[in-house]
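The next part holds the structures, each set out as structure tokens.
Here come two complexes built around chain A, the first alongside chain B, the second alongside chain C.
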Partner chain A sequence: MTPETITFLMKLLGAAILLATPLLLAALGELVVEKSGVLNLGVEGMMLIGALFGYIAAYNLQTINCLEELIPGFCQKEERFFTLTDYLMALCAAALAGALLAAVFGFLTQGLRSNHVAVGLGLSILGAGLSNSLGSNFFGVNYTSVQVADHPAVFGQDLLVWFSLLAVPAIWYVLQRTRTGLVIRAVGENHDSAYALGYNVPKIRFYCILFGGAMAGLAGAFIVLVHVDWKEGVTVGKGWLALALILFGTWKPLRVLCGAYIFGLLWASELRFDNLFPSWQLEWKTALTMAPYVFTILVLVIISRNPRMIRQSAPASLGKLFNPPS
Partner chain B sequence: MFKLEPRQDASLWTSLRSILIALAITAVVSVLVMVVMSDKPAEAIWQLLSFPWQGRRMEVQFGLVAQQTAYLAIIAIGLSVGFKANVWNIGAEGQFAIGSVGAYLGYLILGSPEGAWALPLILLAGVIGGCLWALIPAALRVTSNTNELLTSLMLVYVASHLLTYLCIGPWKGDPKAGQAETFPMPESIRPETLINGTEFHTGLIILFVAFIVLAAILLFTLLGFRLRVAQHTPRAERFAGFSPDNTVWLSFLISGATAGLAGAVYLTAETGKLIQAENYLENFGFAAIVIAFLGRLHPIGILLAAFLISYVNVGASYVQASLGVDDSVADLIEVTALFAFLSTAMLDQYRVRWHTGSAKTSQAMS
Partner chain C sequence: MTDATQQPLIETRAICKSFGKVKANQDIDFRVLPSQIHALLGENGAGKSTLMKIIGGLQQPDNGKILWKGKPVSITSPKVARAMGIGMVHQHFALFEGLSVAENIAFSIDGAVQGKVLNKRILEIADRFGLEVEPQRPVFELSAGERQRIEILRALLLNPELLILDEPTSVLTPQEADQLFVTVRKLASEGHGIVFISHKLKEVKALCDAATILRGGAVVGTCDPETTSAESIAELMLGSRDIVAVRKEREVGTARLSINNLNLQSDDQTLRINALELFGGEVFGVAGVAGNGQELLFAALSGETRSKQPHSIIIDGMPVGNLGPNQRREHQAMFIPEERLGHAAVPHMDLTDNALLTNLSNPAATRYGVVSKKFLLEETNQIIDRFDVRHGGINRAAKNLSGGNLQKFVVGREMNKSPAILIVNQPTWGVDALSAVKIREALMALAANGSAILVISQDLDELLEISDRLAVLHHGDLGHARPVHEWTVEALGLAMTGSSTTEHVA
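This part shows the complex of A and B:
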């Protein structure tokens, strides 16, 4: 292999990590939620809200001085060194925003027993609408003027990349080897039996939903703090891809990890076609941006054609309404 | 805290009451939102409620409201068919886009006609486009048991990229335009404006007529009854000889047709040409999902919900212009309304028992 090929492959891998990490974070959070028997379709909305609030927090931490008092209508942003603490605070803000939105979902579905699908869809649509209108009111229409400083890196990669990779074995361990995980799975497999054993089904599910929301918020924050700047609909459907990834991984963390990186690599290589085929026209490149979505559909078809695989690994009470016998 | 008990006496009155409670919650929270976001909340609320009678001509403001209402209502009623039967088509935005593409393709196939006779054919082409696009997730669901919710949504992204591709590539129009777009259709075949200077045009009448026809079918025919059976008791549906697969096909066919019609009317009446997706699609397909749930999946409810939300949207942009209250107010009110309506839906079937005293509270929670 020539050095050029190796650099190219390294660049490809770097881009794949950037694309795969938010998918992985959101999918792992949603995995726990689905294991507890709740189908939260609001991942996309929670990611967008998390992204917006993470971005706003980072922006506010970075730009502190405003000279509006001296010259009316003129705001001079004085850049400050963006420390690791600032970064962590921005991440906390994003996770908190995601968890808050998830709490609304949890209250409606667990407390008031509303339809999971309807509330989840509402969360996604309204999260998108709300983040657009709040974002454009906060930053104005011209988003490009906002620059968030470089994120602190650990071993050449962002902190969240390592966090997401560590979360895979951690979530596997908790779900499969601890008492907490057993309770979560019991609630997801058969909520009536779990209730009969004395477990507080809505409460356990509520905590799982909060966790899922926080992870989705982090995923959104990763996109805007590390990968690209905030703009309308910045997640480009990654929340929905995360949902598809769970089907792809048949509710197993390690397979979800593999799925996320396969998606990431494909997406990255599609974006790198510019370098490979510089003579290609713009219209072909536009047509090619459909590829990840078409690929997702194909994967879903292949996975779903094998109904045994889905039926054996899907939590038995997934998306079913829980009515405690009273 | 509280505890929910199943209700034996569910009736029309209990559902009506829960709707009234939801409206009351929405109103109270909307007032709170206004108080937080505006310096002059009383005036802002007054202007939001009475904007058609302020400033510009009343017809202009009501034209804007009617325009939004028509698109939202026709897509929402199509979606409600599937939602009732637990078939989740959330890709109406994509079917809307392909409806527009189909209509433009029809216009090209007819040889870029100038006469008004071509309009029905162009709209039909749009309906067919929307239907075909909607049948992809339906076919995948029936043949491969694929989750239709995810596939229909992925197809939204595919459709919007396809739209942009067509505008950049094969159907590229004026290269000097600031955005990628096709050549415009001639004014002579586009729907006529009924009142000068407003958004009232014959396209809206077509949409409202389609809405009424579909509502009548759903309320008064065997087909509508069949879908209601599928909603309430999926098992009875099978015993009665209705196949679940056919329900999937039918739901997607109807929702694809309505979204396609909306897309075709939007193309001919509003823009007259295809534009790259970001500047063309206005999220009607997604907003219609909210409208369908706000209207409790009932035609009359959907029409009322579409009108109210459009009224608030247009009103919020008016208040933004006149008082500088930003129009995310409309989004916040919409969020509140949706969650209020979804959460009070359980009041139809359950009675809320309030518990006082801490000992009982912990018991009620467990």
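This part shows the complex of A and C:
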């Protein structure tokens, strides 16, 4: 391999990580939610809200040092500075915002027993609208036109990248090997039996929903703090893709990880087709941009042909309303 | 061994429990000794389940005392019962299908025994009692027998001194049942007390050391099933009701429905009928304990479950075995299923729309595919007038009607069409006494007009009242049909509990 190819592949991988990490974070959170039998379609909304509040926190936490001040009060050249502690605080804000929106969903579906699908769709729309209006001058700053400083990386990658990769085995271990995980899966499998055995189904589900919201918030924060600046609808449908990713990974964390990185790679290479195949016709390159979506459909079709696998991993009570016997 | 002077493991004294006006348990005295396999016998609704729920801590008695090893106790919850050493294996399994065998067991053990230690313990106990299990397999792949083994294991892991088995063989194949008996005997030989709830006298005679018989919520006798004859146990279970052969003023006509070599299999039931003929003008009763193939028999006759051979079911000379319900309705055969809401009627649709459902093949109901509202209104009002259906308006959803009124409506809907053949499953189940009388009268009137009627019911009194001929369904086999006045209570009891062949019949 020539040095150019290696550089190209490294760049491709770097881009893939940027695209895959938010997907992975959101999907892992939603995976736990779905394992407890709740279908929260509001991932996109929670990501947007998390992204906005992460961005707001980061903007307000960053230190701006003026280097050249020719006219008083007007800075010619400034230095923006953002420490790792500030970054962690911004992430907390994002997770909290996501969890708060999730709490609304939890209250409506678990407290008032509303339909999961309806409330989830509403949450996505609410999150998008709310983040748009709050982001433009609501707090006195139009966040679509400001920038946030870069923050230090850890071992050459962003902190959240490592976190998302560590979350995969952690979530697998908790779900498969601990009593907490067993309870979550049992609630998602058969809420009536779990209730009869004395477990508080709505409470367990509520905690799972909060966790899913926090993870979605982190996913949103990653997009705006690491990848691009905040703008309206900055998540560009990644929340929906995360939902598809869970099906794709048949509710298994490791498969979700693979799925997220396959998506990331396909997406990243789609942006680099010009470099990859300079001699190809434009039509072919355009056709190749479909690759991630065609791939998704193919995998989903293949997976759905194996009912045993679905039955073993899919939570049987997913999206069903739980009415405790009175 | 059963020794009268031995300290009983558990003893109940004068247990009473009522639900509203229904007395489910009245002054029940019941005792189980260690190492004893004690049968609890009785018909559906005799109070067996209530008594076991009280012992298992699921329900509290209104009155009476429970003694555990001679000391009075109050069992306030299933947890308390488990801690005392009472294990229960329910008739309907409460298992998590998506979880593995080991996980299901871990879930119900209060202490957090997990992973390899638990796997080892499961295999140890399984080995000791000859229960074959694979801890890592997901439950949804397992058969009913394997699932039951998990339930038993789940109970055994808590080291119970008393194990209650609620109709354990009702879902098992004969081979699986034999395997279960080996386990149960082994348990008893190690000092566990066993309560074995069953309808099947044959099993009880083969397995149990003692038996308590319940009827109508009260104990009617105790006996040693090995030495007592099946006839006298059956009589205790059913009571000494008289069979009054009411002379029915009906002319029995020609064969309208015949069944030949019908063999069907569903998930949990089988059905085998060699030959049966139903004549115009007769009411044919099918008796039997629930779960012996009644649902499948109904589905086979209504066309919900089709047979591959058209000639297995013949209606008025037309082979219909492979046809669906609506095609059979075209031959004037009508069907009334057991479940009113969701099977006979759509809960959220109003009465006129529900009247349309079984009139789809009626040319008067639709013209060029457009529903005739006028016809439906007339039809609905006729049904309501004829059967005195009390309703809150015919435009209200069917689910708003009381059980009795909705039953009158669904029965009336089919009868109003003067069917040639009518198949009814549990015509008066959950219906008040007055409505039940009305429905029975209507059934007999329909037969008097020349229709052939087949009634599947678990209410023996009802069958004896309205049937001309009666057969017993047991384990999917429809026994020999004979006129009602040729049956005796003993013979019926033996047939229903599966301990008879035709020779027993007087």
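The rule we apply is simple: the second predicted complex is superposed on the first by the 262 of 326 C-alpha atoms of A that agree within 3 Å, B and C clash if a C-alpha of one lies under 4 Å from a C-alpha of the other, contacts with A are read in each partner's own complex, and residues count from 1 in each chain.
The rule is short, and it goes like this: a contact is a pair of C-beta atoms (placed from the backbone, for glycine too) under 8 Å apart; a residue touches a chain by one contact, two chains touch by 3 or more.
Computed from a predicted model, the values in this text were never measured in an experiment.
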Touched partner set for A:P307, first chain B, second chain C, both or neither: first
Partner chain in contact with A:T296 - chain B first, chain C second, else both or neither: first
Which of chain B and chain C A:N115 touches, first, second, both or neither: first
First (chain B), second (chain C), both or neither touched by A:T83: neither
Chain B versus chain C as contact partner of A:T180, first or second or both or neither: neither
Chain A residues touched by each partner, larger count belonging to chain B or chain C: B
Chain B versus chain C as contact partner of A:K203, first or second or both or neither: first
Contacts of A:T7 with chain B and chain C, given as first, second, both or neither: neither
Residues on chain A lying within both footprints (that of chain B and that of chain C): 198
Chain A-facing residues of chain B, complex: 3-6, 83, 88, 90, 140, 144-147, 149-151, 153-155, 157-158, 161-162, 164-165, 168-170, 283, 286-287, 289-290, 293, 326-328, 330-332, 334-335, 338-339, 342-343, 345-346, 350, 365-366
Touching residues (chain side chain C, partner chain A) in the complex: 79, 94-99, 103, 106-108, 112, 114-115, 138, 140-141
Chain B-touching residues of chain A, taken from the complex the two chains share: 41, 104, 108, 112-115, 117-119, 121-122, 125-126, 128-130, 132-134, 137, 198, 200, 203, 236-237, 240, 243-244, 247, 281-284, 286-287, 289-290, 293-294, 296-297, 300-301, 304-305, 307, 310, 323, 326
Touch list for chain A against partner chain C, complex: 177, 179, 182-183, 185-186, 189-190, 193-194, 196-198, 308, 311-316
